[in-house]
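Here come two complexes built around subunit A, the first alongside subunit B, the second alongside subunit C.
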Partner chain A sequence: MSIEESALAAIADVPGVQGALLVAVEDGLVVAEMVREGFKSAAAAALSASLWGRMRRAALAGGQRPPRFLQLEAEHGAVLVVPVDEVVLAVAVTTERTHRGVLRLRLLDLGGKGAE
Partner chain B sequence: MADNVQTLTARLAADPTSLAFLPLGEHLRRVGQLDAALAVATSGLARYPHLADAHDLLGRIRSDQGDGDAAFDAWTTALRLQPDHAGAHKGLAYLAFRNEDLPRALRHLEMAAHLEPEDPSLAQAVERTRAQVAGRSTPTGGAPLEPPLDDTMPGTILVDLDGRRLAGSLHTPDGSEVSDGLAALLAGVSQEASRVARLLDLGSWECLSTEGPDAAMHLLPPTPDTLLLAVGEAGAPPGRLPLVARRAARHAQQWLERLG
Partner chain C sequence: MKRSIEPWVAGPLDRFVAESGARVVLLMTSAGQVVAQHGFTRALDVMSAAALGAGIMASTSELGQVIGGERFGALVHQGTELGVYLSPLPMPDGQWIGLVVFGRDTSIGLVQLFFGQLVSALADAAPVRETRPVLAENFEADLDASLRALFGD
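Let's look at the complex of A and B:
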């Protein structure tokens, strides 16, 4: 199993996760993925990267450095994003039953590895 | 009524999808068993989250428990689901009376009386309240227009969907004002959040939070036409800022409701 695959597996293993992705920050394309059947990988990647970009700009406008974690909560699930490094994001898309605390920690752990 | 309670409880047990939770919860509320009433109501709401009657029941229970904020949330939710819900208008009128906001109480009472013309007590209440409002009116009368965010909720702003600030302010640690620049970007963030949730089949978006080395942010829509952003300290427990933001959102909802 490659480094990317083992990193994604740690996220995808959390119950309720529909898809775990590595996404290029600049163009929102999928770099690597571990997803359930029928999951919209391309859309999730593009949309997550776009949302990340907007919140990053908002943080900068607020006089802050860029965020290291983003979570969108919706009626039937959530999208969680961390920057692995300057060019790649890790993204998890979940259903409403997911344990958010565990997922947050695993993503933040993955985010930290990009800076090592 | 004890027989009825047994009948309703048995009906609920046999068919958890039954609407019997509504009369059962109301009976428990009337006899003062508020914890039991709340359990029945919340269980029913879990099955029928879009039923205005269920939110109305929750509002009455929360009001009896002395939790005006939660009652307000329940009744405004009921009205969002069913704008002509007389019970929710009556509940909000009661809360407005309690807050001595007579113009708002009158608006809700007039709606309730319009919806339930057969209830003479409502018509009488409207007349009494009209007289009180007329007695109190001043050249600048009406709802108080000072937003609550500045004094009680530092680090929060309320903006409209065009990115214009309605209330609150945000400053960087060195004191620079960043409220309007940030507000202008939030409308786009909201549209993007809505698009992400919809296209990934996640329903409507509820909140968006970030954690960074300098600060944490939590964005949510208190009403369909507004956004509230709360900014907190970096490194604070991650569950704290959402609580602060939800509290600020309730203040904002009440303020917007008073503005009409």
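Let's look at the complex of A and C:
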């Protein structure tokens, strides 16, 4: 199993996760993915990267440091985003039944590994 | 500046521009005849871009045949400040081509995503009609009429 696959497996193994993606920050394209059937990876990647970019600009414009974690709650689930490094984001899309705490820790762990 | 020769193209094109953040959009037939444009200000520019875009698509299609018979999809050229996305656009009456210029305020991922939606929206909105030959007898008159529609008098 490649480094990318093992990283994604740690996220995708959390119950309720519909898709785990590594996404190019600048392009919004999928770098690697581990998703359930029918999951729209390209759309999730493009929109997550766009959202992350806007949040980052908003934080910097407000005099803050770049965000380390983004969690967008929706009616039937959530989108969680963590920067792995300067060029790649880790994205998880979940149902409402997912244990957010475990998922958040695994994502942040992935982000920490990227920064090392 | 946004103009279209076919009125039913305007709605889907408006939505695509708004959602994708594209700066310039050109929709043309595979022969290079302009159907709609957004962002161009001079007729000369739009006609040149249409000819070049159609030429690139024809070249890559031919290249695909040469190297194994595979038909290529979209082509992306990413520059420092601007990117160009050139893609076939299947329509009920034949293939069109979409040329999109985008800046760093959006991404190729978003452009691709919303271009796919534009393709579906155009296919749904297209009226059913007989196809006309690309080079009709009154080609020059058609061209003049198209330019007037795209840029006004």
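Before moving on, here are some points about what is shown:
Assume the second predicted complex is superposed on the first by the 116 of 116 C-alpha atoms of A that agree within 3 Å, B and C clash if a C-alpha of one lies under 4 Å from a C-alpha of the other, contacts with A are read in each partner's own complex, and residues count from 1 in each chain.
In this text, contacts are C-beta pairs under 8 Å (C-beta built on N, C-alpha and C of every residue); 3 or more make two chains touch, one makes a residue touch a chain.
What you see is a predicted model, and the numbers here were worked out from it, not measured in a lab.
When both complexes are superposed on subunit A, subunit B and subunit C end up sitting side by side without clashing. Once the two complexes are laid over each other on the shared chain, residue contacts for A:111 go to neither subunit B nor subunit C.
Set side by side, subunit B and subunit C differ in how many residues of subunit A they touch, and the one touching more is B.
Contact with subunit B, but none with subunit C, is seen for A:74 once the two complexes are overlaid on the shared chain. Within the superposed three-chain model, A:64 lies in touch with subunit B and out of touch with subunit C [touch as defined at top].
In the superposition on chain A, contact of A:83 is made with neither subunit B nor subunit C. Of the two partner chains, both subunit B and subunit C are touched by A:47. The least CA distance from subunit B to subunit C in the superposed model is 10 Å. Subunit A residues in contact with subunit B (one complex) as well as with subunit C (other complex) are 43, 47, 50.
Contact residues on subunit A toward subunit B in their complex (touch as defined above): 40, 43-44, 47-48, 50-51, 54-55, 57-59, 61-79, 93, 104. Per the touch definition, subunit A reaches subunit C in the complex via residues 23-24, 26-29, 42-43, 45-47, 49-50, 53. Within the complex formed with subunit A, the residues of subunit C that make contact are 78, 106-110, 112-113. Per the touch definition, subunit B reaches subunit A in the complex via residues 170, 172-174, 176, 178, 181-182, 184-186, 188-189, 192-193, 195-197, 199-215, 217, 231, 238.
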